[in-house]
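Would you mind keeping the following structure in view while I ask a few things?
Labels A, B, C, D and E are assigned to the chains in the order they are written; within every chain, residues are numbered from 1.
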Amino acid sequence: GNGETTAEEKKELTIGATSGPYSDMVTKGIKPVLEKKGYTVEVVEFSDYIQPNLALASGDLDANLFQHKVYMESFAEEHDLELSEVIVVPTAPMGIYSNRFDSLDAIEEGSQIAVPNDPTNLARALLILESEGLITLASSFDPLTASERDVEENVKNLEFKPIEAGQLPRAVEGTDLAAVPGNYALAAKMNLLDALVLETMPDKYRNRVVVNTRDLDKPFVQDIKEAVESEEFEAVIDEEFKGFGKPEWMLERNKE
Amino acid sequence: MLLDRLAELVPELNQAFLETMYMVSISLAVAIMGGLPLGILLFVTDRGLFLENPVVKSAAGFVVNMVRSVPFIILLVALLPFTRWLTGTTIGPTAASVSLSIAAIPFFARIVESSLREIDRGVIEAAISVGASPWMIIKDVLLPDARPGIIHGITITTISLVGYSAMAGIVGGGGIGDLAIRFGYYRYDNTIMITTVVILICLVQLIQFLGDRIARLTDKR
Amino acid sequence: MIEIQNLVKIYESGKQKVKGVQDVSLTINDGEIFGIVGYSGAGKSTLLRCINMLEWPTSGNVKIDGVDLTSLSRQELRRARQKIGMIFQHFHLVRSKTVFDNVAFALKAAGKSKQEIRNKVDDLLEMVGLQDKRDAYPSQLSGGQKQRVGIARALANDPNVLLCDEATSALDPGTTRQILLLLKKINQELGITIVLITHEMGVVKEICDRIAVMQDGKIIECGEVYELFARPEEPLTRSFIDSVLQLELPEHLVKNRRGTLVRLQYRGEAASDTVISDMLQSFRVKGNIIHGKIEYIQNKPLGILVLELIGDESEVKRAIDFMHERTGGLEVIEHAA
Amino acid sequence: MLLDRLAELVPELNQAFLETMYMVSISLAVAIMGGLPLGILLFVTDRGLFLENPVVKSAAGFVVNMVRSVPFIILLVALLPFTRWLTGTTIGPTAASVSLSIAAIPFFARIVESSLREIDRGVIEAAISVGASPWMIIKDVLLPDARPGIIHGITITTISLVGYSAMAGIVGGGGIGDLAIRFGYYRYDNTIMITTVVILICLVQLIQFLGDRIARLTDKR
Amino acid sequence: MIEIQNLVKIYESGKQKVKGVQDVSLTINDGEIFGIVGYSGAGKSTLLRCINMLEWPTSGNVKIDGVDLTSLSRQELRRARQKIGMIFQHFHLVRSKTVFDNVAFALKAAGKSKQEIRNKVDDLLEMVGLQDKRDAYPSQLSGGQKQRVGIARALANDPNVLLCDEATSALDPGTTRQILLLLKKINQELGITIVLITHEMGVVKEICDRIAVMQDGKIIECGEVYELFARPEEPLTRSFIDSVLQLELPEHLVKNRRGTLVRLQYRGEAASDTVISDMLQSFRVKGNIIHGKIEYIQNKPLGILVLELIGDESEVKRAIDFMHERTGGLEVIEHAA
């Protein structure tokens, strides 16, 4: 990204996203619209949740798409960055899956649960478990640094096994329970409805396009926002990202 | 305060340390048991050697290179069914050891091959001239004479395994490296990060020291 | 019996071809000590290494006791090699094994028991005088000590054939003599056939029965040691023999001579004749033996004496004629001034 | 259909292949330029050698081991400021090459050290006896005589780098291995996974073949 | 001048201490050819290696032209070594360099220009007869060819001192003679001091001025070659000299003798005396020269003749007495049966 060129002239965008549906979403949904607007867009894929923000802050990226609001805010605070969201995009809900148990009630004492090892996804997993009453979380819980240590009360004494998020669909078979992020579940052709429980996702846990706050008023940010709001984008979502939970703005628009 | 923090970490570090030792020892053992014969095979079937056999040589070379070409994470996925069959699980340190071992075998085999190449051909000839069987030449000439080189190779492999074992985190293998990544990297806990890195440095220095020591003791040149 | 037939060994390095051995045919009899001499690079080592197939011949073949080694299976060849000891020019010891283990290796290769090995190795080390270096590693040995370990290893399996590539060239004269006596002893007592490459004509003279002289990969002369020493045909052979039998007359002797210098050849039984004595007692000349060298090769004398004959010129001439008649080999080097 | 799919992939594979070549070449070049002198230093300052110097030896050994102890991902993060300063960016193949290079230097240094150890001490003595300077001994004796071993080491390092370059995905580095992970691992796309793995296998076989070839040509033993 | 003072070199391997050289003091004069002989393992190589500090002495020191080598800086030691050529027992050639480059290396070490190097190396290779192997690698050379490369390398920088560790033991007699002539030539023409270890007493005899005999790390005898050959004091020395001057009388000669066997020693000028001639002409005995060996060492004869005296018992006795009087060294081996 050429952060130094003046806003008016900026027609070359570098957008970062994590490997999988979110980079596909950029490539297939956002990039074509932006290109029509005369931009050239380069999509950079990351297999990690730290680098996309650092790269954004350093100006190597103009925007990224991989994180939810809570993570963004904590990250910005921790690293003393000025990050701002542009628009929320459809996000696949995380689910707790199991080949052993049919329902949450059936979970046995001391079962093993595979959870993501990165804090973003782990936080979501913990929140599901908390909302289902399986655990309670410490007051110090912070999505940025969430870890299995934040569990205060563990009703069924679940044994947490943090593993790489992309590996979780493959872990369903080998462990008692697995908290699988929706994007990977879909990639692995799992049926989201097989989940014992799916994330009820408030918008603050949906992923969004994020830019540096200093860029917020620049035309390209507006253009990205417009691209996401375009009909074409939603058509791509309906076509290729089945099962992704749409954000409120999209649902509301459709209601009209 | 920092000390308090550290004291609090001790059990966790302890466990991670044991996990690392566990994974590295298993994979090292397998790497040696698998890589040593494989490396010897690569050497003795080579042109001009006493078990020259281009077909076996190429086949072994191909298999070794194949395993070495596949990125570790893909290897890990490809091995999942095998891992499950072997260990009954696909996560945890034992499961991680399977892919670490499989990745280390061909690496170590190449290092062994490379050490064997340095042996003076004349000594092998002398062994041939007394009518020794290939097995005896391997056991009593090649291995003893390449020992310092092989021990250096073991040191290099062990240290590489310590590094690679950090990737065990992908399947929840745990270990010091994974701790460093999970807490130090993802969760910005500098205490853990620095502590684990210091532990890793000490561990690696120790391995190097022992390796050098043993190599020197066995070096009769 | 070792029969070498039309043996050719060509080394190919890149495009270049180096002829190691060119069409050598040779028969070495059982129980014989056969020497090979020749200039450095003549192909001696190559020839020797073809005998136990360490070097696979480019063409031709080698039969030992009628068995063509090129036709054997790997297993058979291994067994055959256990009965062909080899001493290498550069020792080739296993660096990481002690002296004991280096020798024991050969016995292990032949499948001997632990106990047998222990006894045999100790005997061998005593024989080559290295008992006190039993547990030393090759790097702690001097050149000659290494060579002796190689000798012990080659003898370990009581071979029928022993191939020695400059087995004594790293040894002091004392040890050389011991080793030669040892080789002679095993040759005589056990009937072992020995093929040895050497640069020391003294060694050839001392223990060989026959020798072959090599040049440029070919055998240019071959025969009984005495015959070759007495009547060398090729200039190369002659130059080698000179190193043992050569008489270089110091210049000052020739210059300061008072009489006529004659060179008297001893060959065969003639040496034990009393020609000089008879001559001196028949003519009025004084005979001064100023130089001489007589070697007993295979118990037959071979040698040269240089006499200075002082006396009346005609008397000296008659004395010379007399000696000429009695022996064939008389040569007048310098007449009296 | 499969063919269609593959045809469609060609440009992407092409680019990924170029990225891999780019990262591997840069890191290999740096590894050689940095690792060779470092490996030589480790060797010549060792006990009994012509530049014996326990202090330098320990210091160099410590630095090498330190870099080798740190898990790759942590090394990568630790190097970000340096990467940024050096290349002006922290993402993409160029940035990935920085950490790959830094990780490869000590690895290669150890391999060089190990090859040098196999040189006959007598030859070094002969060079000392003609009064050659340390630099000449290194250039005209150590390096030529260890050349086959060093070339084997380069082969091993290159192949390891091909494997490691897959991790470049962490910083959006790209390359064949990253493609395999992104599609094969994260997106369960077997076509791409198998295609990329086949490409990697071919690439590694080629590297091995060339390495063996060159080693054989330079081996004058 | 090389002054070695109280040199001690002890090898420590683990707990064991092996004494390589024990308290050797020795002065080798400028322009001298100094030989070192001794049993294998006596410490010859160790002593030689201490002279150019390849082996750092445990104690004692070595001065060359008054400069104590142990006191030099690295840089100075390097420069000093360029003027001390060394020929190794095991060649130690760089395997990956051609013959040319192996020799050129020494010149490069001394900072010679490309052109100078090319000319000099070609000269040296011609001198040792290896022009045609110029571009061969050591592995393609025979043992003797390798040795000659080592010799060329050692001579490359026109050293003042040349250290030779069995420089000719891998060479055939012809090449050995050439190399010895070469060494003698450079010694005489350029005044190079040569210290050489050898196992061949023939070599010692031919070119050395003085020799030292080593045993168990010590010098047990040291002196002019002729003196040592003529009057060896130590049994070890005698046994070495025997390898050149030894006369083994074949058994059958002794058994079948018809008369009395006497051994006549030639030492110094006595050899050119006419004692045999006078004896034969004064007494009625027949004298048959059955064995003999005379060597000219440093132009002085040294040797032995074995005579069979046939005749009347009392006449033989008188003849023997006569010879006894004329020469010191007469020994009756076997009286007539």
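As a working rule, contacts are C-beta pairs under 8 Å (C-beta built on N, C-alpha and C of every residue); 3 or more make two chains touch, one makes a residue touch a chain.
These are the chains along with the protein names UniProt gives them: B, D = D-methionine transport system permease protein; C, E = D-methionine transport system ATP-binding protein.
Note that this is a predicted model, so its numbers are computed, not measured.
Here the chain-to-chain distance from chain A to chain C, counted in touching steps, is 2. Between D-E and A-B, more C-beta contact pairs join the chains of D-E. Chain centres here are C-alpha means, and the one lying farthest from chain C is A.
Averaged C-alpha coordinates give centres for chain A and chain B that are 37 Å from one another. Distance between chain centres (mean CA atoms), chain B to chain D: 17 Å.
Between chain A and chain E, the centres computed from C-alpha atoms are 88 Å apart. Computed centre separation for the pair chain B/chain C is 54 angstrom, with centres defined by C-alpha atoms. Counting partners per residue, chain B has 77, 185, 221 as the residues that reach two or more other chains. Contact with two or more other chains is made by residues 90, 137 of chain C. Listed for chain A are residues 50, each touching two or more other chains. Looking at which chains touch one another, you get A-B, A-D, B-C, B-D, C-E, D-E. For chain E in complex with chain D, the touching residues are 52, 54, 78-86, 88, 90, 92-97, 101, 105-106, 108-110, 137-139, 150, 153-154, 156-157. Contacts from chain B toward chain A in the complex involve residues 77, 80, 84, 89-92, 95, 169-172, 178, 182-183, 185-189.
On the chain D side of its complex with chain B, the touching residues are 61-62, 65-66, 68-74, 77, 107, 110-111, 113-115, 117-118, 121, 148-149, 152-153, 155-156, 159-160, 162-163, 166-167, 177, 180-181, 184-185, 193, 197, 200-201, 203-205, 208, 221.
Those residues of chain D that touch chain E in the shared complex are 120, 122-123, 125-133, 136, 140-141, 144-145, 147, 218-221.
If you check the complex, the residues on chain E that touch chain C are 11, 13, 18, 37-42, 44-45, 89-90, 140-145, 147-148, 166, 169-177, 199-202, 236, 239-240, 242-243, 248-250, 252-253, 271-274, 276-278, 280-281, 285-294, 296, 299, 301, 303, 305, 308, 310.
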